[in-house]
Amino acid sequence: MPDGLESFANLDLGRAARRGYPEAVYCEGKTPEQVAAIASALRARPDAVTLFTRAAPAHAKAILNELPDAHHDTDAGLLAWPPVPPEPAGGLVVVLAAGTSDLPVAREATQTARYLGRAAELVVDVGVAGLHRVLGHLDLLRRARVVVVAAGMDGALASVVAGLVAAPVVAVPTSVGYGAAFGGLAPLLAMLNACAPGVAVVNIDNGYGAGHLAAQIAAPRPAGDT
Amino acid sequence: MPDGLESFANLDLGRAARRGYPEAVYCEGKTPEQVAAIASALRARPDAVTLFTRAAPAHAKAILNELPDAHHDTDAGLLAWPPVPPEPAGGLVVVLAAGTSDLPVAREATQTARYLGRAAELVVDVGVAGLHRVLGHLDLLRRARVVVVAAGMDGALASVVAGLVAAPVVAVPTSVGYGAAFGGLAPLLAMLNACAPGVAVVNIDNGYGAGHLAAQIAAPRPAGDT
Amino acid sequence: MPDGLESFANLDLGRAARRGYPEAVYCEGKTPEQVAAIASALRARPDAVTLFTRAAPAHAKAILNELPDAHHDTDAGLLAWPPVPPEPAGGLVVVLAAGTSDLPVAREATQTARYLGRAAELVVDVGVAGLHRVLGHLDLLRRARVVVVAAGMDGALASVVAGLVAAPVVAVPTSVGYGAAFGGLAPLLAMLNACAPGVAVVNIDNGYGAGHLAAQIAAPRPAGDT
Amino acid sequence: MPDGLESFANLDLGRAARRGYPEAVYCEGKTPEQVAAIASALRARPDAVTLFTRAAPAHAKAILNELPDAHHDTDAGLLAWPPVPPEPAGGLVVVLAAGTSDLPVAREATQTARYLGRAAELVVDVGVAGLHRVLGHLDLLRRARVVVVAAGMDGALASVVAGLVAAPVVAVPTSVGYGAAFGGLAPLLAMLNACAPGVAVVNIDNGYGAGHLAAQIAAPRPAGDT
Amino acid sequence: MPDGLESFANLDLGRAARRGYPEAVYCEGKTPEQVAAIASALRARPDAVTLFTRAAPAHAKAILNELPDAHHDTDAGLLAWPPVPPEPAGGLVVVLAAGTSDLPVAREATQTARYLGRAAELVVDVGVAGLHRVLGHLDLLRRARVVVVAAGMDGALASVVAGLVAAPVVAVPTSVGYGAAFGGLAPLLAMLNACAPGVAVVNIDNGYGAGHLAAQIAAPRPAGDT
Amino acid sequence: MPDGLESFANLDLGRAARRGYPEAVYCEGKTPEQVAAIASALRARPDAVTLFTRAAPAHAKAILNELPDAHHDTDAGLLAWPPVPPEPAGGLVVVLAAGTSDLPVAREATQTARYLGRAAELVVDVGVAGLHRVLGHLDLLRRARVVVVAAGMDGALASVVAGLVAAPVVAVPTSVGYGAAFGGLAPLLAMLNACAPGVAVVNIDNGYGAGHLAAQIAAPRPAGDT
Amino acid sequence: MPDGLESFANLDLGRAARRGYPEAVYCEGKTPEQVAAIASALRARPDAVTLFTRAAPAHAKAILNELPDAHHDTDAGLLAWPPVPPEPAGGLVVVLAAGTSDLPVAREATQTARYLGRAAELVVDVGVAGLHRVLGHLDLLRRARVVVVAAGMDGALASVVAGLVAAPVVAVPTSVGYGAAFGGLAPLLAMLNACAPGVAVVNIDNGYGAGHLAAQIAAPRPAGDT
Amino acid sequence: MPDGLESFANLDLGRAARRGYPEAVYCEGKTPEQVAAIASALRARPDAVTLFTRAAPAHAKAILNELPDAHHDTDAGLLAWPPVPPEPAGGLVVVLAAGTSDLPVAREATQTARYLGRAAELVVDVGVAGLHRVLGHLDLLRRARVVVVAAGMDGALASVVAGLVAAPVVAVPTSVGYGAAFGGLAPLLAMLNACAPGVAVVNIDNGYGAGHLAAQIAAPRPAGDT
């Protein structure tokens, strides 16, 4: 079998040009050596941001060895290179974490939106068990062009927020909770069945996907567009 | 095999004495003839209320033939005999139906609580997509000794209500909704994972069970008890 | 228990003002009489569009009795009143139906987007078993501000389209298929796991939700916004 | 992003006033540093009991560093501060553990009920494989205002107890068992389908939730109430 | 393709000789014409009992047309030919139906055991919600060489009985119940996880299989065997 | 929206040229009018065989109205036009039906293979409860280039056959069985876990897919190929 | 809370007298200290065999510290005390392991049957991928009063054996296999749907339960019994 | 119990003669000692290739101790002995890995096909998010007699490839992905529901099974066969 990068990966370097957003490198299931080889190949391409997602410490170490100035968000398991996000354009992304345990996923979403070029704000611990916590952020929520909700357990925050704002809500269920949460199945189903329309669901714990989708929804309009 | 009532049923007539609540007759899976025979046997026992649950029209007709003055709530598929509920005692039961489609289950719960001796009030169409609808009933909710919430889809109403009141919440998921509601699985899981504590879950569409549990929770205290 | 509309429904007539989009009436689980009463109450409110979703023939008949000029899309089980959609504003919504059997859901999405004020185009029978069918519509797809994909079976069309366009994709799994499609579970999971980011998933067969979400994503920007 | 407590948590210190029961701190998914910061902030609030649930040894160490006199139940993974439960009021809570392996969950329920102000007694190893073990406690069971049943495997104890007492039964399925117990799914479903009415189900292994619900059900009545 | 019986069936007429028990004809999924052809072919083989299981009315009519004196148990959907069961041998089979709705399955088990040569007694409505109903039959239960328990909902009766007798218990979960009974899944899992050993589980609603297994367990021993 | 065929379908008439096998028309979820329009359009294309699968009686009637000489296999719900299969080429396909109830699926597979150009033989009622029935066909099985096994319940026939022959086995689970067969899930999982390698699984009840795959596997080799 | 053995366990020492078989100690979920205390209490009761099941090395060490001469089968995770099984009585138990990986479960079943007083023989690696391996043991199989089959993956061995012998088959699915075996779900469902009647299913990996059930089925008959 | 190889395994050495393909040794669930004993026994049988699958490092070490020149593919967890594959015969097998994380499974398939006597080529990182990557290999794909597709997440690659080639596609879902991928369930269901016919599905992560099936499909034809 062939050796080197082409023996295990085939980078889609044209994706930023084709779709407007660069390809990310999903580290889970790759060896640190494979990730390092990809990082090395990308060093010559500083024109587009590359995100490394689901990076375990061994992945992070291998990436930082190749790209020492990459930004590393350890909570989110995310690395970004070049390290400085682009100047924000388009609408505001607001990310809500229902509880502290949802924070890693919420941070992954926030950072992804920023590195894809949006302004993004993160608000934590606004679960529906204390409605005043959500309602206290209504002004911010109504300024958002899209709201991301990261919530485990009953996932009820997505429905409540969708009932309060005109913007679409990107709901990312988390694997927070135990027993009959079944690793995020409970909030996933609740969000798919949100009684308020306007809820877009992504995969469990997929903060990257939520941030990417939010960045697309809040993208700047071409000149002359309504 | 033996004939007659004893060939298919063995009434637990002592249950009211033993547990304080009479046995109900679950009609589903019984033939109208079997239900009629049970109704006929109960005619001689007007001392305790008997509820017939999940009665299809054929069951109802068979029961009314034996007990013509029984009360029949067609929406809830429920018959009660004797037809007049006992004088209410104990605390107030408030039943909420998240949407109009949850009404049959909510009515079954309300009627069950009444026939087991509680005062019960029913409020409809208070889903969380319009929070003001729930919040508009806060005074009533805070007078309740127990709140029953019947909700399908995301089941989020149970969490929201439990976060607002000190009384326990009996949550009954309904099979309202489609697709990934999976016949009530979505609200069932959401309610089991309610982010606010104090939520007691019963089976999907089990309005009878919810009303029974609520009646027990709101039961009058023995004299001298705190 | 109370009689009349307030005994089973509590219309959220302020939703259009609050959220920018009116409440829809979900007919499943309501009796034709209940739906008729709602239709009758709405007759005095022609200022906002009302959609009646999941309307069986008996529901439709009851609605048309009250609102004879309502528009009725029998394939989609949808009625709209007033019958003429508003003048389109905002970006273009493109709806794809993977196969002919996905058409009812795709039509529900298309009509919903139109009645909520967007221009919407529908393209049918573009499943990935013949890639040329998708690729032949690339120009249209790239003009869309959001693409809705209705697909059953393997749900693969969502991933393929998301890999081709910069706009977000709203994926609505359908219950088309048999056996291990498990009523839409197979495409639902596939769409949640789309290997291309940018896929927003809604409930199985939920064309209404897909159209609503698409309308929100493609909403016109306030003046001065980028 | 902001630093300090407000960067990851937003304590609901008003919950005791609003609902009558204080907020608990769910440790799972939080870092020991986050838990320590919460413990430190609570030090100034000895007026309400705080429970830390699902505390792993690292969490416990971090909490005890901030609140050295907190009570630590290692079996239940629970810490309480201030360490002495309030004087009991209201009705008696009886907690049953079907087997020895259910004991951690049963202890979590018992301690929660005590710290929320109830008298609570714990009885162990009363599974239905030896009915005499349950029947031997009938007197105690009939003195309870609410019975908590912690059981894994077939969850049958909940049904048997509910058939014997007038008080409501709070059933908490445990993940005890293997194979087709599916992590507690088997007793969860059995309890939801209890053939005796009066069973309130909470999440798998959720001893805290069971104890909280029991404390609410057995709460003292306001003066003048029946 | 070939015509006649051999085009759709290949009777295993040697099974009684090979295994000691004849093959049964499972009617579900066969056309009445196919079942009639099989019945006609069996007419020449009165030496072994043939059972037709899951016979809908159309199947029964077709069978009775060919074998007019066959015994037809309409509740159980079972036909037997020749109509008279063999003289009983071996140990006693006791069949318990937890509720009236479990009766069709329990009858199928009882009749199957009888036609395979065992004495069998059926006891109805002995659910664990009223333990005295089970305990009242202890003498009979302890005379059984095998006990069959047909129960839906929580399936708890199997565990309770297995804890009371030395004989093995054949547990047949039924699809009785609603919501989270999930068509018999709840009692199936409960029975597989029975906390008392000695429970042999068969398929949901499989009264035939339960009766067959019971007949094998209670089979007479060869001379000289212990 | 557009009218006519192009408003709901986009026939992939080039598929036979591109892939060597023509597109089939899946009738489920299409209206009889839609199917009729497709049949009408195909009338001008007798060069390739068209199969109509999952045709309910109303579909069949609509098709036969347009293509009166189409072949109609009512058991299999299949129509073929032109009605005569091509001259067989390539290897032999042997189709096994475990039981009579599996016959519709097995016939669909057999007919599909024939209309796609293979010789195909069908053997019925060879379930593993009587191993001699399988073993009696070993000669035929060993002449096959591919064996299709249609089986419900335990799906064990696929494993047994795969252990006996060198040819690949195409396993099609059927929804035959009840209770814990869960609509074909049981044989599906069993076949995916076949202890003998060489088992290719297709969707539940998908006789068409099984026959198509078998036709591809047994396809004639190009001249000069080994 | 109380200390000592009674704080966590309530031994059912009368079970051997009541049911004829002693209670076993299920170690999973118990601490080594708890298991040691139970072992210590049993030392004074050598009249009945005690089995400790699912004993991890730490459990085994704790038990052997109290009961140094206990028999320890490390493969099966089983300890027995007193160490010598009783003299065998009743019929022969034959245990089959489909593959080598099923051996721990098969050994647990074999040893359990022996310590409960039966003669038991174990045969390994007789999966249906090589039918000759099963068929080569037909003589032994036909001498058994009950056959235990331990099999993972497709679980097909249970059906094949049940089709060959008159004795009942106790089928114990194992968690052997990967992917869609789903931890033993695949063989569990296959065994519940065995196409040959006479299969009694126990929980996944439950070798103890299989051996116990087999011992009951093969129990010696009382004098004078047939 | 017996000692030595026959106490835990019964090698099917005749399988190569009987089926044309040798038995493989599945290491998972076996101890290194058991695997070593099998390796030792095979040393005397160099006439057929033996594959050891799912070999953890401890297994590999034990095997290499007995068969030092065995080939060890560490990525695939596979060992082969004798180490040199046979001369290839039959058609070409092309293996596609959708992403880098699918590579271990794809390598297992590739190596298995080679050791069973086929020419096999492996292409990596051709997911449908960049269709050009698949389309760039069309020439190679159309030369294959069978294509193996290893893909996790949405499994969409199988459908896309099946729509492009006439050869059958063997689809092996992988457990790559997170959350609602549910350990490979999502691609498994997607592949079973592939909208293009001609997809043969094997178990999740079962690269060995996929390679074996591909080798059978691409087997050389007997002389004189078409």
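Letters A, B, C, D, E, F, G and H mark the chains as written, and numbering starts fresh at 1 in each.
We take it that contacts are C-beta pairs under 8 Å (C-beta built on N, C-alpha and C of every residue); 3 or more make two chains touch, one makes a residue touch a chain.
Quick caveat: nothing in here was measured; it's all calculated off a predicted structure.
*Asks:* Over the chains that touch one another, what is the least number of steps taking chain C to chain E?
*Replies:* 2
*Asks:* Between chain G and chain D, is it the same set of residue numbers doing the touching on each side, over half shared, or a different set?
*Replies:* At the contact between chain D and chain G, which are copies of one sequence, the residues are largely different (under half shared).
*Asks:* Taking each chain's centre as the mean of its C-alpha atoms, give the chain farthest from chain B.
*Replies:* So the chain farthest away from chain B turns out to be H.
*Asks:* Quick one: how far do you have to rotate chain F to sit on chain H, C-alpha fit, nearest 5 degrees?
*Replies:* 180
*Asks:* Please report how many Å separate the Cα centroid of chain F from that of chain G, as a whole number.
*Replies:* Comparing mean C-alpha positions, chain G is 43 Å from chain F.
*Asks:* Could you tell me the distance, in whole angstrom, between the mean C-alpha positions of chain A and chain C?
*Replies:* 26
*Asks:* Could you work out how far the Cα centre of chain B sits from that of chain C, in whole Å?
*Replies:* Averaging C-alpha atoms per chain gives centres 35 Å apart.
*Asks:* Which residues belonging to chain A are in contact with no fewer than two other chains?
*Replies:* Within chain A, the residues that touch at least two other chains are 99, 129-130, 163-164, 177, 179-181, 185, 188, 192-193, 203-204.
*Asks:* With touch defined as at the top, which chains are paired up in contact here?
*Replies:* Applying the touch rule to all chain pairs gives A-B, A-C, A-D, A-H, B-C, B-D, B-E, C-F, C-H, D-E, D-G, E-F, E-G, F-G, F-H, G-H.
*Asks:* Hey, which residues of chain D end up touching chain E in the complex?
*Replies:* 98-99, 127-131, 152-156, 158-160, 162-164, 177, 179-182, 185-187, 189-196
*Asks:* Taking the complex as given, what residues does chain E use to touch chain G?
*Replies:* Within the complex, chain E contacts chain G at residues 18-21, 24, 89-91, 163-168, 170, 188, 192-193, 197-204, 208-209, 212-213, 216-217, 219-221, 225-226.
*Asks:* What part of chain A is in contact with chain D in the complex they form?
*Replies:* Touching chain D: residues 99-103, 107, 110, 122, 124-126, 129-130, 133, 176-181 of chain A.
*Asks:* Can you check the complex and tell me which residues of chain G touch chain D?
*Replies:* 1, 6-10, 12, 14-15, 23, 26, 28-30, 34, 54, 173, 175, 183-185, 188, 203-206
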